[in-house]
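You will see chain A twice below: alongside chain B first, and alongside chain C after that.
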Partner chain A sequence: MTVFVKAPGSALRLLSRGAPILVLLAGWELATRSGLISTQVLPTFSSVFVAAVDLIASGTLGRHLAVSLYRALGGLALSMLIGIALGLGMATSRRVENFFDPLVALIYPLPKTALVPLTMVWLGVTDRAAILVILLACLLPIVINTYHGVRAVERTLIWSARSLGTPTRGLFVRIVIPAAMPAILNGISIAIPLAFIVVISVELVASKVGVGNLINGYGGVGAYDYMFATIGTFVLVAFIADRLAVHVRSRILFWHEQKDAP
Partner chain B sequence: MAKIKVRGLTKSFQAIKGETVDAISGLSFDVGENEFVSIVGPSGCGKSTLLYIVAGFIAPTRGDVRIGGTPIAGPGPDRGIVFQEYALFPWKTVQDNVKYGLEEKRLPREEQERIVRKYIRLMGLDGFQHKYPKELSGGMKQRVALARTLAYDPDVLLMDEPFGALDAQTRELQQDQLLSVWRERKKTVLLVTHSVDEAVYLSERVLVMTARPGRIKSVVDIALDRSRSREEIVTSAEFAALRNRVWLEVREEVLKHYDGVREGPR
Partner chain C sequence: MKLLGKTYSVLLVIGLWESAARSGFVPFFFLPPLSVIAMTFATQITDGVLVPQTLLTLFRAFGGFAVAVVVGVILGIAMARFKAVHWFFDPLIALGMSVPTLTLVPAFMLWFGIENASKILLVAVSCVCPMTVSTYNGARGVHPFLIWSARAMGTAERKLLWKVIMPAATPYIFNGMQVALPISLIVAFVFEMVAGGGGLGFLEIMAARFFNSPDLFAALFAILIVGFAVDRILRKIRAGVLGWLERDHGEGV
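Coming up: the complex of A and B.
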């Protein structure tokens, strides 16, 4: 994953980063305006932009976005809670590992959105149903990264702490968790985009509100400018959330030595 | 009385095909109070395993380790360890690394601060208190690791190739620093190294181990006049003689091991 790096001349850098997007948008506007691509298929960028402004100003987008964010972040938060606990448990207890390992192996390759019909039967078309699917989708990267992070803690760190007086029961909090923190946060940063992807997928199928539902609705009536505007603003929100997470991560891991750094 | 007493120590590992392999076998030796002893031997002779058993990190298959007459039960505050790879806590500053053991001892806060300041100064780490390990050079990290262990004030210092990752110049500086600390603080030191020069230069006695399974092959007393400078010591004839003797002993074991590998299973 690439990251905006703070550096001298960051305005220039931002421009060079943004250039491909600007070129794409300009090409889009040109192709649709010139009639190269029919506006029936693809609305002009300017009309999408106008639609986006309207969606935001009218509060429609805000209302649906709030629902989607609630679901995405709710599912993510629960998956962090359960995933970290499960990963820590599996890495430190043979019994816990033996019990959960087959389950993890089994749900790993399953496309989580395939569970939507099932959650609809169980929980109806509700926030809870959406949160459950998002939770399952985000869970595995967090479990697996936490597990490997704990397993990879250097034994010399554990031994140093033991010989400096840390009792065995104190190792977990004082050494294992901080040492595994980079891996745990890696798992979370993989889960964040998944939460955004899955919330839309669920809402496309099984929801009366939310951004996914909004996209579906506009698409159904052929309001493509509004549909694109909804997708575009959602992508922007997801992007900002991801940057925010990267920022928080580097704040927490300021001490961490990136071994693969050039 | 011996500070460290090792008797009939054997450590077996389960090999891949189910057979057991002895890393060390029936090993015995003593280290006196405040004595500086080094262990040298060919790689794979089990010298680190031996150190980890004395530290209490791994249990021996057979045999007995006593510190000051008391059998060991796991790691204890009487023994401190320094690793080749430093093993600093990367999420803690230099100061907090040094303070770690003192917090575990539940010393009063002012006492902790005082001891930390003392060892930061002693190890020449002034001005680096608030740095994180990733910001330090190898030699610095090594000094922080030593400061952390010394601050905890164990009677016995166990050192596993402590200078192995350092460049030649830094290594010599750190060796001399260790010697001056050892003289001032009165510690019993057991140091594992693959460097014959290092062992002879630092120690009062050198234990040479055999190739796997490791046993004590010979014990060489290093009677050098320590009042001289490093230059005078390492260029002296006695140093050369002792160094050659230890080197030949190790060499013999390395070749034995190498022949074993070359012949292979028949």
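Coming up: the complex of A and C.
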């Protein structure tokens, strides 16, 4: 992926990759200006752009975005803490595995956004309710990937470390966790888009603040230029978050060879 | 005994749930007893509420899913075969993969109304990116030797697609479907919660608005059963279609 470019020569490649998006935006502007598509249905790109600038400059977007990010990242952080601990426990203790394995298998196929109304009843229309659903949605991919990652650690690594005198507690920190790290990060990279999907769902369904609420509100009063401006900027934020995660992941796993994602 | 050993945690949770709810320790609206939920579930089925609503949701989810599979497979193969198609769609797919399409719910309500069409279309848009990426990876990964051999043995260019590329890409297409299917359900449920128009998501959110917990849990369990069944059925189909390939290599999932 070429979003984080360092070599000056690749500016051309970035342009080539960005071109289709520019073509679409130009097509949007032309189709709406010429009246091919009514501006009642789709405002012109330029008016959406102006609205986006206004949303950012007035601080409205920042305020709502901060709430959404707080919820998404809060839920994600909690799910990482609990999920990695649970995955480690299940992978290393037969008793823990026997207890949690059937529960995980039972809950796994539930589309997690179905929990939005339940947390609404439990905790009301609050940040805590949103964080709880996001935590539950992100938990299982992290648990399952951590579990498989730890189970797949090669025995020879552990034997070698032992024979070189690593104490049992050190084994965990110095051998098992680093060896399972690619799998754990896989789980987290599955969880990040989930966190964004769920936070938007919560805010569309029941919330007084947040980006989803903002989109819904503008849609409800017919301020479509502002609605599309909010959607567009959030799409950009989610995209940048995804790229950042890929970047951080490759930084952590610099020692680990991996196939580049398509 | 062995079964008991395997499922004791589930039984424990059920027992704790029932006794906590019955003891009055937990408010009724918070957690109604499982037995009450089971009764509600049964009545809703005999009253003819739950099954039609479930079918309605499934129609929306599967309708969009089917569109996404067809479009995604065609687009994925076209991207693997034609440089220009790849150049145009690759950045768009990369953008689409990382973006929650649910932000488009209000926009789709504006464009296509709140009936089935807008729900099916948003499901399709949400599922098309994973389908395209998986198919592309599969079609691109076909070993050139296979294509050269088929050509050398006189396979026509048009048959190459059906005889060589499609079979080789099928496991990847199934991977894409296994990613896309839960997405189709998620989008259908959330759209129903936001826009109404019936369906399981609508049943659930209405129950929540009236603090009718037994109805809420009945809908939630129906959703759980749907999610479970759909996952199982896709795995069965996969095993049936790909038996020739994965019987020898073992399934990776």
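Basically, the second predicted complex is superposed on the first by the 246 of 262 C-alpha atoms of A that agree within 3 Å, B and C clash if a C-alpha of one lies under 4 Å from a C-alpha of the other, contacts with A are read in each partner's own complex, and residues count from 1 in each chain.
As a convention for this text, a residue touches a chain if its C-beta (ideal position, glycine included) is under 8 Å from a C-beta of that chain, and two chains touch if they have at least 3 such contacts.
For clarity, every value in this text was computed on a predicted model and none was experimentally measured.
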item: Which of chain B and chain C A:Ile197 touches, first, second, both or neither; value: second
item: First, second, both or neither for A:Leu164, with chain B first and chain C second; value: first
item: First (chain B), second (chain C), both or neither touched by A:Trp122; value: second
item: Chain B versus chain C as contact partner of A:Val50, first or second or both or neither; value: neither
item: Touched partner set for A:Thr156, first chain B, second chain C, both or neither; value: first
item: Chain B versus chain C as contact partner of A:Leu110, first or second or both or neither; value: second
item: When both partners are placed on the shared chain, which of chain B and chain C touches more of chain A; value: C
item: Residues of chain A contacting chain B in one complex and chain C in the other; value: none
item: Complex contacts: residues of chain B adjacent to chain A; value: 52, 55-57, 74-77, 79-81, 83, 85, 87, 89-92, 100-101, 104-105, 132-134, 148-149, 152, 154
item: Residue numbers on chain A that touch chain B, as the complex places them; value: 154-157, 159-166, 170, 175, 178-179, 181, 254-257
item: In the complex with chain A, residue positions of chain C that touch it; value: 5-10, 13, 29-30, 87-92, 94-95, 97-100, 102-107, 109-111, 133, 136-137, 182, 185-186, 189-190, 193-194, 200-201, 204-205, 207-208, 211, 213, 216-217, 219-220, 223-224, 227-228, 230-231
item: Touch list for chain A against partner chain C, complex; value: 1, 16-18, 20-21, 23-24, 41-42, 98-100, 102-103, 106-107, 109-118, 120-122, 193, 196-197, 200-201, 204-205, 211-212, 215-216, 218-220, 224, 227-228, 231, 234-235, 238-239, 241-243, 262
